[in-house]
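The letters A, B, C and D name the chains in turn, as written, and every chain counts its residues from 1.
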Amino acid sequence: MREIRVVPRRDFRVPVEAEKISPDIFTPLTIEEIEKIEVWEGNRKRALTDLFEISGDGDPAKPEEVLIKLEGNFSRVKRVGEKMTCGRIEALDDIGMHAGNGMAGGEIAIKGSAGDWLGREMRGGRITVLGDAGDYVGAGYRGENCGMRGGEILIEGSAGDYLGEHLCGGTITVLGNAGDFPGIANRGGVIVIGGDAHLPGAEMASGTITVRGRARVLPSYQYQETVEIDGLSLKKFLGDLVDNGKGELYAASVEDGGA
Amino acid sequence: MAEDVLCPFCGCLCDDIKIEVEDDRIVGVKRACKLGSSKIRGHERTKAPMVRRDGELVETTYEEAYDRAAKILKEAKRPLLYGWCSTVCETHKKGILLAEEVGGVIDSTATVCHGPSIIGIEEKGLAGSTLGQIKNRADLIVFWGANPAEAHPRHSMRYSSNSSGMFTPEGRKGRKVIVVDVRETRTAKNADKFLLIRPGTDYEVISALRMIVAGKGDLIPEKVAGVAKSDLEEAAGMMKTARFGALLFGLGMTHSRGRYKNVDNALSLVADLNGFTKFVVMAMRGHYNVAGFGQVCAWETGFPMSVDFSRGAPYFNPGETAACDLLARRETDAMLVVAADPVSNFPRNTVEGMAEIPVIQIDPFPNPTTLLSDVVIPSAVCGVEAEGTAYRMDGLSLRMKKVVSSPYPTDEEIMQNILDRVRRLGDDN
Amino acid sequence: MIIKGGFVYDPTNGVHGEEMDICIEGGKVVEKPRGGDEIDARGMLVMPGGVDAHAHIAGAKVNSGRIMRPEDARRGIEPRTKLLRPSTGYTVPNCYAMGYRYARLGYTCAFEAATPILESRHTHEELEEIPIVDKGALTLFGNNWEVLECVRDGDLDKLAAFVAWGLLASRGYGVKVVNPGGGEAWGFGGNVKGIDDPVPNFGVTPIEIIRNLMKANEILRLPHSAHLHTNNLGKPGNYETTLATLKAVEDISASRNRQVLHVTHMQFSAYGGTGWRDFESKAPEIADYFNRHDQFTMDMGQLIFGSATTMTADAPLEYGNARLLHAKWSNHDIELEESSGVVPLVYGRKMPINAIQWAIGLELALLTKNPWQFIMTTDHPNGGPFVNYPEVISLLMSRAKREEELASLHELASKRSSLPSIEREMDWNDIAIVTRAAPAKILGLPEKGHLGVGADGDVTIYDINPANVDPSKDHKKVKGALAKAKYTIKGGEVVVRDGEIVAVPQGRTYWVEASVPENQAAKVKADLVEKFAKYYSIQMSNYMVQDAYVTHPRVVKAGVI
Amino acid sequence: MVILLKAIMISGRTLGQGASCEAKMSPEFFKATSFCALSELDYNALGISEGGNVLVKTEFGEVVVSAKKDEGLPAGVIFIPMGPWANAVVGPDTGGCGTPQFKGVEVEVEKTKMAVMDVKELFSDLKRTGGEAS
């Protein structure tokens, strides 16, 4: 394993866009070359070393053997691990928006919380978050009809709104609560929410959403039956019928939508 | 007497105003509503440019104000150029160019009003029409979360519920009006059918209506978000049997829980209804040219608002690049406010973000934003003292007139002056 | 400026690949220059600047396409440079990208194909922002209440006067007719089913609208003929409507030396079958008709696989598309005048209908014997974006390429069209005609599309040697060379060098000012005063496009007097 | 005993707010936007006397506004015209789409003797810390 540490030299007010912090980019480069990688602090172009201290193994390795350790506050550093295909990124603290954009393989492990748009348009690989994640986990870009198409996202805390919007594949698991409209316009992905959710599966065409806590269910969902899954009794619904959807929604308890 | 003047107030952009002018001064306004008339007649103005010295705003020259503004913008790493709703498109063009030159983020007041409507349109498209189409054909008007009686006083008479046209000779008598709102507004009092819904339940109610329209009403519960199914069935029936229906929605939809998804679902409802009859949908835009900024920004950058030029190429992502996002997260380090008043209209905590950074204001009138500004540049009032293009809420563009002269420069001239100075600073570096 | 020694194709002037010099002075082609730059074009292909006679590049529906498609804008993003504004978009590029991309292709002139009068101010606002190329806009008349009433009343002179007024009000260049009568019917969610189906509430038929607008066009001696988007466009079996329309107007003759009717994006109007299941090409029937009737012209409307944004004043068609494809749908009805729709979609190689549509466009181009009756277009961005013109040209020039493509498509493209059997390969002269000379002639732009003395100094130089490249075999080279002009010269100024923009002049906007007798104009005005008082949502005095919106006009005079 | 009302706050445009919104430093704007409308039920429950004020609190802030009855409001829903007073209690979160939730804010309302601040007072604590001319 080739380990490379990246540590911010200061706190950022203006967010930094650093899509080149990725095993695929780092792989063939020496530390000196990595230091010269271009990142953006607002409208200023910077060398990576201007903003971050880089250290670690100097010798280029195979991409799948690269481990990038992000130490310190990355909550305003965006697009880390964008389009990565292999290797591993570990964030010891929080990470900013768009981590793992379009990721196709490898792993991002976040010990803190993740910003919005985590794993946007992800195609493969795995993202884990010990803390919370923001809005639009695994979603698509504005106007697109496909978000995440493959891979796996696990959030041990809670997630924000629009979890897995336009999901076209892959699996998202949230151990805590999800916000409004998880799995909206789902087209075949799998979402499991450990806690509560508000209006899951709106306009879902296909796929499965499980809410192991309490859910407010849309009037356009049809109750089917109560089933037992992993020792939990879940109400099964079919929808979203506004669009002739054939998605499956399971919820442990249901908030009264009439109120 | 100036005839057929456009009103520089709301998105109705009424173009039939008569203004009496004596000695280059306005002495009378006819046909305008209370809102428009009040603006055209004028208010207290910011007399001269000001800059902040020792914590106080002090009067200065335009030259110094321009220099100071240019320097603030040029030095910033993530300047925010915000506002644009009460100025003409010619200003927007200059503003977008300025945002490009300083590598800033440009955003309009749409993101605190109908921004969610635009994001909804990005999901579903918009089945719209010009207002005259509604006037001439609509026999059903649905106001959803909109209260034109207070926000767009002449809308009903000129364009919607009370107007008359080719196929609607009876005006209000030949029409039905449905109002959906969380309170009984003045608009609701004039409705044939009023649906009182719980705040934040628009999405569910729309889904229920879509089910009924699709003939699946038997699958929905007896009560949806506090509304009886029978009421929903009656409303859906009115929609389906209309010859030409128009769904006109306001901030009730975009400012409530669900935000753009409410609009998204409403657009789908209208698309569904077109399988049975003719239906159009329109956002009741607030300021007279907030729609214009969206148009100009779209043709110049490809995106209608919240465009980030930090890296030289347009990047759009409201939620990340809208004015309130940047301020609430304290990500911007300078702000230019043109023809808007964010200090009044943004949440308090967001305004506190403005207090931490240099702020430049371009506006004819003093307002709370002035209190937090470091450079204040007074301008001519568009549509009264300056001409230019504005887009009505339905996307129709019209040319605003100059009725009286002004001692103040136009917004467009101010933008050009700042742009010139920014360019000169660039050359020095 | 002198462009030395290139292989020049200038079909209008009978120049077919001769090595010769082209001289430009004061923005125009001249016999001999007094000096200036010398461009060495030896071993290269020299043509007049390209002319796009039908594209949707400016106005409300184009911008609706942008607003509803951020996912399109994110494709094709190029940052600003010292010289250039940023570019965005693929099917619906921003204004700057349009100008830059046309120039890079060697095009110097492009016409917006549909502007409703009421929203023409917007159209011109966008045209003004498109850099480099000259442009113009065709004005929509086919569903306008005043038109329908003139037709109903049989008052042709008044109709002509209204057309003249409409062109002035919109600063428009020609008469565009889209699904005549259908747009009005769509006002209440309906459509017309064919050319003899009466328009609800107006008691006229589509064919009456077409005939009368064609006649009005000729009374006014407009530079361009009527420009028709047929009824039933996009529907299986519509070739019958297309042929019936043409047969019904054979008796009308042109007032000028040009076609009497231009039928646009014919690919969408050349369909056989009773439904989508037996959908097939009827391009041979259409081409055969055109081969026997040289008073008509058409453009291609070629389909390009991949993303497209359909946008048309044919609103009912778009609603049908959106429901069929479960796609985003925008509609925009314009009071008293028109309707329109916008639907994004993806054309797939393995989709049988799309594959057949692709073949139909090519069949039409190759089976129409006289290239002067034909313009290469993609009906941008309906069939696909105009940046794909080099792809289309290379298909027209190479049977081998067509065969390669056909092999990758759904098999029905070969079975339901005659394309596999077509041997014809266009040569450079043909290409110069269908991309330059013919569109200029058909639009009625005597200074465009050729390199004779007095022509605009719009020249394209492509880095390909027609003497030693065989387009039939080296179609990749053809496509590559045409995608990035070696030089594009606009009005005597080099705007593209080595495929990159080097200068950004402001192009001109063509519009037609047609004179009519005062008594007819007065009749029209009386009608309009009433319409504005009762029906329009704005005042008549605020209606007409003001001069401020056309800063570089090129006014073409026409008319009765 | 202080009675606390839990309610949902809606902010929005009114004629008065619109007519004075280009003159925001004026008494007209103050009058038009620094009030809170309550249903008769809620108004009476809070025991507000004619011309009395209420304190509106949320997790984001608090503001004193004058109280008015509005028969169009259902119980549990209060209305404050669009403006700085309403925005004093609106949260900054943009819900992933750039727009704060100006309507449907969970609030607590109680009667108060505190005075309504004018617009300058509302922002007087926001000291400028940057951008001064040298």
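A few remarks follow.
We adopt the following convention: a contact is a pair of C-beta atoms (placed from the backbone, for glycine too) under 8 Å apart; a residue touches a chain by one contact, two chains touch by 3 or more.
Please read all numbers here as calculations on a predicted model, not as lab measurements.
Chain B has the Cα centre that lies closest to the mean of all protein Cα atoms in view. Each of B-D and A-D has its own count of C-beta contacts, and the greater count is at B-D. If you average the Cα atoms of chain B and of chain D, the two centres end up 22 Å apart.
Per-chain Cα centroids separate chain B from chain C by 35 Å. One inter-chain figure worth recording: chain C and chain D are separated by 56 Å, centre to centre, where each centre is the mean of the chain's CA atoms. For chain A, the set of residues that touch two or more other chains comprises 116, 135-136, 141-143, 180. Listed for chain B are residues 119, 122-123, 257, 309, 311, 316, 318-319, each touching two or more other chains.
For chain C, the set of residues that touch two or more other chains comprises 68-72, 74. Chain-to-chain contact here is organised irregularly, matching neither a line nor a ring nor a star, and falling short of all pairs touching.
Pairwise chain contacts present here: A-B, A-C, A-D, B-C, B-D [touch as defined]. Residues of chain D that touch chain A in their complex: 95-96.
Against chain C, the residues of chain A that register as touching in their complex are 140-144. Across the complex, chain A meets chain B through its residues 13-15, 17, 40-44, 76, 97, 116-117, 135-136, 141-143, 180-181, 184, 199, 202-203, 218-220, 222, 240-243, 257-259. Residues of chain D touching chain B in their complex: 8, 10-15, 18-26, 60-61, 70-74, 77, 79, 82-84, 87-104, 119-120, 122-123, 126-133.
Interface of chain B with chain C (complex): residues 3-4, 6, 15-16, 89, 93, 97, 100, 118, 121-133, 135-137, 158-159, 165-167, 243-244, 271, 274-275, 277-278, 280, 294-296, 298-304, 309, 311-314, 316, 389, 391, 395-399.
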